[in-house]
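In the part that follows, the structures are each spelled out as structure tokens.
The two complexes that follow have chain A in common; it is paired with chain B in the first and with chain C in the second.
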Partner chain A sequence: MNIAYGRLANTTIGILCMIFMVAPLVLVVLFSFGSSSLMTFPIRGFTFGWYGALMARDDFWSALANSATVTGAVGVAATVIGTAAAMVIVRLRPRQSAAAFFLFGLPMMMPPLVLALALLSLFSVLGVKLSLVTVVLAHLTFTMPFVILIVTARLRDFDYAVIDSARDLGASPLKTFLTVTFPLIRPTLFGAALIAMALSLDDFVITFFLIGGGNTLPTLVWGMLRTGLDPSINALGTLILLLTIGSSALALRLTRYRG
Partner chain B sequence: MSDGAPLSLKRDGALLLPAAAVLAGLFIGPMLYFLVVSFFKVSLFKIVPGFDLGNYAKVVGSYGPPILFTMGIGFLIASVTTVLAFIVAHLIWTRGRRFSGILLAATLLTLFGGYLVKIYAWRTLLGRDGIVNNTLVGLGIVREPIEALLYSPVAVVLVLVSYLLPFAILPLYGALRSIEEKTIEAARDLGASPWAAVRDAVLPRCVPALVTAFALCFLVTAGDYVTPRMVGGTRTMMMGNFIESQFGLRMNVPLGAAMTYLTITASIAVIAFVWLALKTVLRPK
Partner chain C sequence: MNAEPLVRLQGLAKSYGIYRAVHPLDLDFHEGDFLAILGPSGCGKTTLLKMLGGFVEPSEGAILIGGRDVTRLPPEKRPTNMVFQGYGLFPHMTIRQNVGYGLRIAGTPRAEVDARVRDMLALVQMEAFADKLPPQLSGGQQQRIALARALIMRPKVLLLDEPFAALDLKLRQAMQEELRRLHAEIGGTFVFVTHDQAEAMLLATKVVVMSRGKVEQVGTPEEIYLRPKTHFVSTFVGEANFLKACRRLARVSIEGAFAFDDAGPDGDVLVGVRPEKVRLGAAAARCDHRFSGTVTQRIFLGAQVQYTVRLQNGETFIACLQEGDLLPGDSIDVGWMSADQWVVTP
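Up next, the complex of A and B:
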């Protein structure tokens, strides 16, 4: 009896935790289509009006363009730099590679506020002008560790015999990488890039301090929250969720990464 | 790994350079500069270099209660999240394919998106006319809507636990997956109850992951200023809020840097204490 109760209690906690994680997101999506301007049940009617209101704003389009620029640049740069590092880390001795993971993982553990303020004070003393470039540079620090982690995991169970054969048959290291290694790990690289992009797209705190002027999608949300009740914020929230969750879902399919 | 590896460390160590440059130039460098600045002074709105412990003295003297409050709420949030996350991770690990599949999908999908979106969704959920209050009144559990649900420390705890759960579940699930089932079977065969098997055979093997999950949750909470500002109300001021305000209206970067380093130091002390405690309590038997 006792065991059965314990099992039931655990299942209940599991289901409640899941609701706890998912419910806020589901509600935002639901209310973005609701015709009432208040977020209360029951939802009376269905409308695309809030999306229309969002599209009619000029600042939405410039924020979208800025987000696309930053996200694209971070995705490419973090993946290239992280993959190069992973190719070295994977062949270090276990102790050394653990140390490398720890070092490169540090920015991941740091609260974004601390990262943002430390970079902001250094940029300001060096006279670096804040722009999308400073945002991209800052995003590299906490997206790169994810790329290194994912790509190293893939390279660990890589069949090195195919590389040896290519080299034995006279291919240069670069040619071997381009014709053998890269095609084999390509899905993982796309996956890693998508994760980096999702993280970058979702970041608010670091972007807020380092962008200088203008908006990305999350800082636009912040601005709308401060100006009062505007239901098109649900439409914007849904759009951000669609982009971040969509790209990470795709990434998880590609990499088969499970923690 | 084969010896005929196509890359040799000596020749190809250079591949590590760009990543090392990012780490050194954009993380370690700024953090060190920030540490140095914490000993500078501000006079007439200008930063004056020097070695001055005044900032630290000021933080200890005037910001003691907020630091303690931040550490306390951080400890609460990180503990609750880690315990719940372990239960969920354990369910994913032990239950049938369908249930664990759904749990794992919910975890992975809520991981990478919507920090700000989640916070403002909770704000509408917990408000006076929000869904939580309407349900409670509708079910007759309370007569009047609970005003204190939103704009209180309770709201900060709810929002951050909900936000942090997926981050804590993943490392724990990773640790559980690497445990061989034989270990548990052996414990059960020797007569251990399910709970005893988890306590003596499973939990001790998860200590590093438990500490990772706790540390991650604790550090995010200690450095957060958006959640307390959005749902905490005017009286819930955490260190993140004070740190952030030194870079906005008050413009006292050295003081803000000193606050940051004291908060980080206190956080590391709490995490180290939790690590030692877990290592002592959870010994493999």
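Up next, the complex of A and C:
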């Protein structure tokens, strides 16, 4: 009896926790389709109107374009640089690689606000004008550690005899990378890129400090909130949610080791 | 054997910091040789093989293949191909693509690649698996593919790193036979690394015995077994009985027993005899060297009987006979022929 009660209690607590975590997301999605401009229950009608209102705004399109630019650039750059770093790290001695992990991982562990302030001071000392470029550079600092972690984990169980074999059979180092190494780690690289992009896409704090002028989608949400609570914010939130969840889910699928 | 050697190693050595993995060595071998590099783990044999393949850069010395200096060439520019210990098959390519990889990289016309892959798969009896992926194959099958993938390049020297280490006994014997057949069928020069002296004896035409980074002896399996030059080779390649002796002025004498001529520096030496060369009882009477002794142990091993005999001078000898009905406690004559003994320094 006691065991049965214990299990029931566990299940109940688990379900309550899930509701607590998921409910706000569900609310955002629900209200984005509700016809009332007040976000209250019961939700009366169903409408795509808030999405229409969102699409009608010029600042939405420019924010979307900025977000796409930043996310795309971060995805590519973080993956290329992070992969190169991972290839070096796996060749280091254990102590050196632990130290390298710690150094590369620092920005990931730092509070975003501190990181943002630090980068802002750095750019102003260097006299770099704030722009999307500074946002991309800033995003690289905290997305690259994830790429390095993921790619290093994959390379650790990589069978290096295949690389030696390819060289032995006449392939140059570049040809070996293109025909053997890259095809074998490609799913991992796509996964790592998607995770970097998901992190970049929904960053607010660092972008807010470093963008100078203009908006990305998260800073647009902030701007819209300041002018009034409009359900088209929920439409925007839903869009960001879909993009982030979609890319993360795809990333998880791709990075899972396929024996 | 007087022909120009195919491979010539001159003072080849590898150091890691102050640690010498391979001491400077000179070694020649010829077209058609089946060479075994034999030694316990950590003796430098794999390092030596990897220097031949271009995967470890020598610290000193030179490697000449067919008269050409390849010491500083990367693996892809060498006329060698290697079968790796873990096989190193490309898991994302079919067996056909794996075997054809080297030819495709070299830009060989497609029709020729296809034809040669087909021939090679037939040679290793793996035609039926052409469209499978490596992880779908068993260990022995993967080994055949790794062999085929290297052999299709028609290397001047085929290198094999502990080729049978990962296989169980039955499969290992089958693959050893297979490798012997391939060498007989297509010729070429094979070099393999092993820690198994029986495998070296079985396959090789020439054996290089290594210990602690140094070459102990180079010779045919017969020379290595019957005329070991060092104490290490004596014990690593088979069982050996030893008698303490002393050499002075090119004459070796065993106290209270016998003496014979043997050139070499003065000092303590050991006289070695293989257990199966030891004669007991009446057969000992016709031997060049004789001791009397007492049987202390008799072990029946099926094909032969192994006796442990304590000699009159207190030393212990092992003798392996085809048959015998001696019992522990029996007094017996022990003897062997001069031709069956050798002298090493302890």
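Criterion: the second predicted complex is superposed on the first by the 249 of 259 C-alpha atoms of A that agree within 3 Å, B and C clash if a C-alpha of one lies under 4 Å from a C-alpha of the other, contacts with A are read in each partner's own complex, and residues count from 1 in each chain.
Convention: a contact is a pair of C-beta atoms (placed from the backbone, for glycine too) under 8 Å apart; a residue touches a chain by one contact, two chains touch by 3 or more.
Predicted model only: the values in this text are computed from it and were never measured.
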Have a look at chain B and chain C on chain A after the superposition and call it: clash or fit. fit
Measure off the angle at the C-alpha centre of chain A toward the C-alpha centres of chain B and chain C in the combined model, and quote it in steps of 10°. 100
First (chain B), second (chain C), both or neither: which does A:L25 touch? first
Between chain B (first) and chain C (second), which does A:A65 come into contact with in this model arrangement: first, second, both, or neither? neither
Once the structures are superposed on A, label A:V162 by its partner contacts, choosing first (chain B), second (chain C), both or neither. second
After the superposition on A, what does A:L184 contact: first (chain B), second (chain C), both or neither? second
Give one of first, second, both or neither to describe whether A:L250 is in contact with chain B, with chain C, with both, or with none. neither
Would you sort A:L130 into first (chain B), second (chain C), both or neither based on which partner it touches? neither
According to the stated criteria, A:N10 is in contact with first (chain B), second (chain C), both, or neither; which is it? first
Output check: A:G170 vs chain B and chain C. Expected answer is one of first, second, both, neither. What do you get? second
By the touch definition at the top of the document, which applies to A:R91: first (chain B), second (chain C), both, or neither? first
Contact breadth on chain A, by residue count: chain C or chain B: B
With the two structures placed on a shared chain A, what shortest C-alpha distance in Å links chain B and chain C? 6
Common ground on chain A, meaning residues reached by chain C in one complex and by chain B in the other: 161, 164, 166-168, 259
Complex contact set, residues of chain A against chain B: 3, 6, 10-11, 13-14, 17-18, 20-25, 27-28, 31, 38-41, 80-82, 84-85, 87-92, 103-104, 106-107, 109-115, 117-122, 125, 137-138, 140-141, 144, 148, 160-161, 163-164, 166-168, 173, 176, 195, 198-199, 202-205, 209, 218, 221-222, 225, 233, 237, 240-241, 243-245, 247-249, 252, 258-259
Contacts from chain A onto chain C in the complex sit at residues 159, 161-162, 164-172, 175, 179-180, 183-184, 259
Along chain C, where are the residues that touch chain A in the complex? 53-55, 74-76, 80-82, 84-92, 101-102, 105-106, 135, 149-150, 153
Could you pull out which chain B residues touch chain A in their complex? 1-2, 4-7, 9, 12-13, 15-16, 18-20, 22-23, 26-27, 29-31, 33-34, 37, 84-85, 87-88, 90-91, 95, 99, 102-104, 106-118, 120-122, 124-125, 129-131, 134, 161-162, 165-166, 170-171, 173-174, 177, 193-195, 215-216, 219-220, 222-226, 230, 240, 243-244, 247, 253, 256-257, 260, 264
